[in-house]
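Handing you this structure, nothing more for now.
Read from first to last, the chains carry the letters A, B, C, D, E and F; within each, the first residue is number 1.
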Amino acid sequence: MNHWIVAPIVLPAILAPFIIMVLRFHLDLQRIFSVAGVVALIGIALTITAQAAGGDIQVYELGNWPAPFGIVLVLDRLSAMMVLLTALLALPIVLYAIASGWDDRGKHFHALFHFQLMGVCGAFLTGDAFNLFVFFEVLLIASYGLMTHGGGSVRLKAGVQYVAYNLLGSTLFLFALGTLYAVTGTLNMADMAVRVAELPADDTALLRVGAVLLLLVFCIKAAVLPLHFWLPASYASAPLPVAALFAIMTKVGAYSILRMYTLGFGPEVEATQGLVGAWLQPAALVTLAVGAIGILGAQHIARMVAFCAITSMGTLLIAISLFTETATAAALYYVYHSTLATALMFLVADLVMERRGGAIVPTAPMPQSGLISALFFVGAIALAGMPPLSGFVGKLLVLDAARDAPDANAIWAVILIGSFVTIVGLARAGSLIFWKSHDAQYNTETDPDNEEEAAPAPAPEPNPGLAFTAVFAMAIGLVLLTLFAGPALEYTAKTAEQLFTPENYIAAVLGGDT
Amino acid sequence: MSLFLIAALPFLGAVFPALLIRAGRNAAASAAGLTTFLALMGLLIHIPSVMRGDVVTARFEWIPALGLNANFMLDGLGFLFALLILGIGLLIILYARFYLSREDPMGQFYTYLLLFQGAMVGIVLSDNILLLLVFWELTSLSSFLLIGYWKHLPEGRQGARMALAVTGSGGLAMIAGMLILGNIVGSYDLSVILQNKELIQASPYYLPALILILLGCFTKSAQFPFHFWLPHAMAAPTPVSAYLHSATMVKAGLFLMARMWPVLAGTDAWFYIVATTGLITMLMGAVIALFKDDLKALLAFSTVSHLGLVTMLLGFGTKFAAVAAIFHIINHATFKAALFMTAGIVDHETGTRDIKRLGGLRHLMPITFTIGTIAALSMAGIPPLNGFLSKEMMLEETVHTTWLHSHYLVPGLALLAALFSAAYSFRFVSHVFLGPERHDYPAHPHDPPVGLWLAPAFLVVLVVLIGLNSAAIVGPLVAVVSSAVIGGEKLPYYSLKLWHGFTPALYMSVVATLGGLFLLSLHRHEEKIWNALPRPEAKVIFDTVISVLTRLSRLITDTLHNGVLSRYAIIMIGFTLALGYYAYTTGTIGPETRKALPIQIIPLIGWICLVGATLAIMWFHRNRLLSLVLIGVVGLIVSMAFNYLSAPDLALTQISVEVVTMILLLLSLNFLPTDTPWDSSAARRWRDAAISVVAGIGSGALIYALLLRDFAFPTISEFHLANSYKGGGGTNVVNVILVDFRGFDTFGEIIVLGIAALIIFALTEAVLGTNVRSYLLNRKPHWPQSGDSHPLMMVVVTRMMMPIALMVGAYIFFRGHNQPGGGFIAGLVVAIAFLMQYMASGYTWAIERQRFYYHGSIGWGVLIAAATGLGAWFNDRPFLTSDFGYIHWPPLEEFEWATAILFDTGVFLAVLGAVMLALDSLSRFAWQPGMAQEFPMDINPLRDNQPQEEENKEQV
Amino acid sequence: MEALVASAVGVMTAAGIFLILRRRTFPVILGLSLLTYAVNVFLFATGRLALDAPAVLNKYKEVPYTDPLPQALVLTAIVISFGMTAVIVMIALSAYLSSKDDHIDMNAHDSVDAPGEDA
Amino acid sequence: MIVYAIWFAFACFGTAIMMCLWRIITADGVGTRVLALDTMVINTIALLILYGLSLGTEVFFESAMIIAMLGFVSTVAYARFMLRGNIIE
Amino acid sequence: MGFIFEILIAFFLVISGIFGFVGSYGMIKLKDPMSRLHAPTKATTLGVGGVLLASICHSVLIEQHLSLHELLITLFLFLTAPITALFIAKWHIHRHEKPSDLPDAGEDELWATHAVEQVEDVPDHSKS
Amino acid sequence: MIRFLHRIFPHPHLTFLLTIVWVLLANNMTLNSLVFGLILGIIIPFITQPYWPDRPKLRNWPMVVEYILVVLWDIVIANITVARIILFKRDADRQPAWISVPLELRTPEAITVLAGTITMTPGTVSSDLSAQGHNLLVHCLDAPDPDAVRDQIKSRYERRLKEIFE
């Protein structure tokens, strides 16, 4: 009995109530336990990743009920690497939230943070479609709390929209699950895949509706155009460390698309032929384009980074929508990259906003401008897919994987032009924020009359050292991801291979009687 | 020294200046210099093998899956460029140390410079085109930092952005080109690619690859029409201009063309694209340079012109031209770097770079004058300087070139360019140094310290020496490099000497020199004409384009994301409907297999009420209270429908949740406006209604279709029905599914509920922490309030009801496993029992009597549920494995125990805590001073009597 | 009977969506509630309809049972959407109290100055 | 006979429910609406017990009881809202 | 014997149906809001009561097992119906009746609903 | 012994009542449900005790039974009367009236029961208390003679309640 599989869910599920009950009035203890929890989660994630690396697919039957009757968790390479990414992302973010004092600007930050981790890990691990819905809801509701953390009228207003839009999405999820259950009579993803494959060819329409609705739900989460509208305002208005954490949320959507599609709704299955191919790729291309345009047009740094998130989702989904092993390997590498890069940039945006506000207009110079601009530069390079960071590698991988696709020209054109627009947009923003403030006209320091006032304000974080360390850690993560791109790709290639041989997954879940 | 180390040294060294700057400017400069020197030495070690024509390699598998490997190679071509980069880099480091002022952050400067240097070295040593791309883009990035180094200068920022935009976009095009190339060949390794000329040139993808790669080269090397960024990059400090824009970065494009020459050159496409571009650029650059008053701008356009020259030579595609190109690259690097440094010295000493304000410096700055004049004459192509030699070779080659059957076009235009080239070179000398000494220089000029002039002087010495005896000094180098460029084939006949006899090239040189002098003499008049001519200002165009793009992007983005939720929702719903319809119509629908149940009268009445209430909500939605009441009706009927359709558990849950939701909405409606104003037009409402109806038809049709068809497969719930009692110990299968078969869902569900309550609590705290609090304290109610807020009868009745309600809660809880009910509904019932006390007797009074703590209830609930699940671990069973059994304690009858009850207790506590916390939090908004009261009921006749009795007692 | 259930689902969906397309928070929340009813009935109905067959096991005789699984799913869905409704009500109310404006739409100003006013 | 009586009662309470809804929609004041809703809830309880009676099952008892309890709570909440604005104070 | 039981049960059912109908009908027919209040609170109570009685009789007399739990529902309704009526009446008094329209409240002078403290007395806390 | 019993059963009436409620709920008269009901009947009063301070003592149990029977009978009559008014009387012929009933009862519980009774019986609804709780405002559906109604309330219900509660 390998209880490690359920640990990424149970650990936060126990830690968060503990924080609420026992540590409610002790912020310092909350912080210590929260960080310790994340570190433990990393440990767990490393353990299960090591277990999954061998290629065996392990199944955890909750309640000791066999699949498909009970809920099972499934540990394969993909779920392991996603859980690991979640844990790795969480550490610098929680450190930053502590260092910046964000966790103290409202109640229950750490509890909600861990509940969010629980939802995300659960979504990655579960092998049951309805349980996936439940974990979606867990991570969503935690995100509602985190998004509105600290209040403020604009944030709350954006919060209302965010919640309303996602509630529509959740409703759609239920419509989809209902339809699928009504047709297949099961909820277990592997079992569903088996039944979909066996569905009589003369009665596919209703299943197809269910399948397409389900994919749409995942596309909402993955912010695919035209279902991305929840993202810009909410990411831009959320506390930015939270927005950084949200970088993993869109990946849950991408993960789910990949999982369901490779498992049972692929084109080789007669019942679901042509369901995705027709629109997902164009939608992904438009997503990238709109994201890039958004970056160029943004007037606020947080909004700009939000569009960076959309752009990177566009690239990721282009790779996913190719649905080949190579492209999937590329996509999985890109998942790591884009998650870390987006999160890094949100944290940098927070550093900027805390010092000078977020508007992309020149103002007086801010404290620690040099350090922050260097970090911004790193993030911008990563997000624009410029060398030498992982974004470039990821972009090359995607381009390379797309070269045999029927629409390779369009894909290449959109990715490359998108990169160009992103570069121009980020350069423009960086120059306005970091350089133009050195203009004499904004440089109030040179004004002898109010030299006193113009002295650079002390860093707004209670603990700038830790804050910068957290951001640096993320940058170093990107560097490592680049340096060890070889082994990383080896893993993702094996993961893709595992995904494209779903028989093993199905056999592992259903006990081999397929 | 390993090639890895040579390429890596500048990057490693880049760390030091930034760190050492605290130790002083010299430390930083020394660190940079030492790094470069070491790298240079490492390079020079390889001279013997390079000169032998060997290729030194170093390989490392970086990303084998992609074919992106850290493979380096050093051949003649790479050696030459590496030598230029490191050699001139060393000189620039020296020069910059004295050039930059005290205010400039020098550590940063050297860091950027070394990063750039490393990227350049990487380009020229790469044996993998993807790796080359990495370094290629790195040069764009590092040059962006260098050009924008003086952050306070708007020209610097704009120039940097322009350079990045142009070279970056070229780089992106090149990525595509390189990928195509690699795809054709099947490898990204240069050494492999260079072996496959036929394969490449025969491929249908040759032309796209060529164009895309050339886009990268042309943008980098400032070829027409991408030349415009270069002059604006001159806003950089002069050492940067000298390094990037004469010796290195702009030559990267040339390097790449030379590098790819063996496989790309030799076709018509190559010739017409590359040679024509080069020719136009050469001519245009030369003409513009003549009319630039800014010294650095003059040099910048001259650079453009000379880059065009080399490009043209490479474009000719002949071996001789390739040799000439290589030779001119060497020569240009020497004299142009010297010229930039000279210009920098002039600027540094006089305080201006404006030719109009200069002149007569010959006597004041004799050393500078000498250096500048020699370099300029070399640029003009005057013998015996090195510029002359390569220019001769160029002119010679043009004579043999036919452009679309025309024999005269290329030589003619080349001559014209040479003529302008001579003119601006002479102008550099005469308008800066010659003429009468002036008295209005912004600063008092004199020759700079040796540190500043040493580097250009060294270069000028090279200029002269190469001119005088090129064969000895650079002959072997040119041979090796040329051999590398032409792909190891046999070198053509050429000789690097001053005198070739009376060749057409010589005549052309003479014409160019004389013509140049003549042009210069008429400069004032020409200038008038030039200024009168309309000509596009690249910067204005670029700025306009970027700002239009930016504004357009903003427009698109803001129009698309205009913050209107209904639009977002319509798009989502429309997209969903369209795809759903598509999925349906592309599938096949089987026949109906189930017979519909007959419609009975009561369900029909229920249906009428439900539809009526729903339509009424749509119609009257502006009246919020009415809509709420009607929603209640809908909820009630839905609950009844669940009962009717054999789902009593659902009915119970639905109605309980319904009431709590209604209370929540009422609590919030207390603060919100009570009516929704009209704020959408009739047309909009009709549109919305149309979409809604389509969506309604969609969902209705879908479920109708499903309802009339059987499952295609046996459902898994057959297992649940069969095992509920045997394996789960309960007869209420729905409950057993909830707490056992799918207990994990329920676990997630209570967490959702708990989180909801936490959020509500946190938001309450957040909102009450702002000035909203004072607004709330002074808020006037929507309408006048009645007296008697806690009526006596209500208080009494709730007191009577409370124990019964708790009893009912307990009942619902305990029987859930076997009959409709369970922890969730029990939690709601108990919560409502407490809530009634709040409503009846007042918040303050009730809270004082509260014996439990909501956060704790939620926390314990989740923990108990989790602990129940974890308990199974000790049995070596998975999380949430349940157990049950029977106990017989006489005289009691046998009764059942099940761990599921414990799990349900967790559910119960979490629900209770969550509901109470949510309601409690919302209630806090309503709190106003004077509300807290001692007594649960406003009117209590008994209370009025008691004080009298007490008084009476006292009297007695 | 099936037609009644299906048309009821359709009507509730339509009304829910119509309300969601309004421009103030309160009707949108009501719309979401209606839509929740619709989807709950939908999900419930995927087990097909059955009268007088609740899934409570009868020890004494063989009786038909309705499909219990969708019921369990709907129960979970009801509870979850209750939590969600509570949260959106609270956020909407907080937003209204913070800005005295219950428009659900964000204007350009909002998006530019995003979270400018932190508590 | 019981069957006919049940049908009669069904018809009466069914009509009653529709009249309640009609009153809710057309009422001139909130008070009447709440009253009609409360009446509707009570009619519903009757219907539910009738239905249980007709099927010979007790499975609806809990529903009826909970509706009786909660219907009251919601009516009080509405009334408090109308009278005081604050449901809890 | 069974026939008599059936008649008894059917009688209760018919009675309950009639009163259920009358209660709601009164709400539509009666014009003034206060009078409407009379119809449902009573009639429905007996309406439901009749059904409950029928149900109890059915289980006791026909199915031969004692089942009294319907009494609890009656208990709830009897406890709560007066409160519902009271609140709605208070709402009506609050909105539609002036103190002068109502009979004398004796030495207490005002009816509780009208005995309202002045809203203006709420101190202004925004300045502190 | 009595003190010990008192400790275990601090609210014997309530415990008894709740046990009955439990048995009713469980709908079976087994030993198990009795024991379980008893346990809950002891626990729940502990929880609810603070919410019901100064619980009044019922003094006259036979009177309680009598009162219930009277009220039940009146309810039946009331409903017939009201049904006739609603169904057959024209609105214009009705004479609705407010009446003020001066109260001798002072115990809140007693007043509540009285008001409840009034509401449940013929054509009357308890509508409000006076500001000190000394008068009860009653609305009559059709009261040609309001004083008679008032007198009936006082004699038929209030008298009995006074005996029960005070």
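Things worth noting here:
Throughout what follows, contacts are C-beta pairs under 8 Å (C-beta built on N, C-alpha and C of every residue); 3 or more make two chains touch, one makes a residue touch a chain.
Please read these numbers as outputs of a predicted model, since none were measured by experiment.
The chains that touch chain A as well as chain F are B. Least step count on the touch graph, chain C to chain E: 2. Of all chains shown, A has the CA centroid lying nearest to the centroid of every protein CA atom. The geometric centre of chain C is 23 Å away from that of chain D, both derived from CA atoms. If you average the CA atoms of chain B and of chain F, the two centres end up 72 Å from each other. Averaged Cα coordinates give chain E a centre that lies 13 Å from the centre of chain F. The geometric centre of chain B is 66 Å away from that of chain E, both derived from CA atoms.
The multi-chain contact residues of chain E, meaning those touching 2 or more other chains, are 18, 25, 37, 45, 67, 69, 72, 76, 79-83, 86-87, 90-94, 110, 112-113, 115.
Residues of chain B in contact with two or more other chains: 558, 561, 563, 565, 569, 573, 644, 648, 669, 699, 702-703, 706, 715-717, 720, 741-742, 745, 749, 752, 755-756, 759, 763, 766-767, 769-770, 775, 781, 785-788, 791, 793-794, 797, 801, 804, 808, 819-820, 928, 939. Touching two or more other chains at once are residues 20, 25, 28-29, 40, 42, 45-48, 52, 54, 56, 69, 73, 76, 80, 83-84, 87, 91-92, 94, 98, 104, 106, 110-111, 119 of chain C.
Of all residues in chain A, those touching chain C in their complex are 105-106, 130, 134, 137, 141, 144-145, 148, 150-161, 163-164, 167-168, 170-171, 174-175, 177-179, 181-182, 187, 232-233, 236-239, 299-300, 302-303, 353, 357-359. In the complex of the two chains, the chain F residues touching chain B come out as 14, 17-18, 21-22, 25-26, 30-32, 35-36, 40, 44-45, 47-48, 50-52, 54, 103, 105-109, 111-112, 115-116, 126, 128-129, 131-134. Looking at the complex, you find that chain F touches chain E at residues 21, 24-27, 29, 75-76, 78-79, 82-83, 86-87, 91, 94, 96, 98-100, 102, 115-116, 118-120, 123-135, 137, 139, 141. For chain D in complex with chain E, the residues that touch the partner chain are 1-2, 4-6, 8-13, 15-17, 19-20, 22-23, 28-32, 34-36, 38-40, 42-43, 45-46, 49-50, 52-53, 56, 58, 61, 64-65, 68-69, 71-72, 75-76, 79-80, 82-83. Residue ranges on chain E touching chain F, taken from their complex, read 18-19, 22, 25-26, 29-32, 34-35, 37-39, 41-43, 45-46, 66-69, 71-72, 78-79, 81-82, 85-86, 89-90, 92-93, 101-113, 115.
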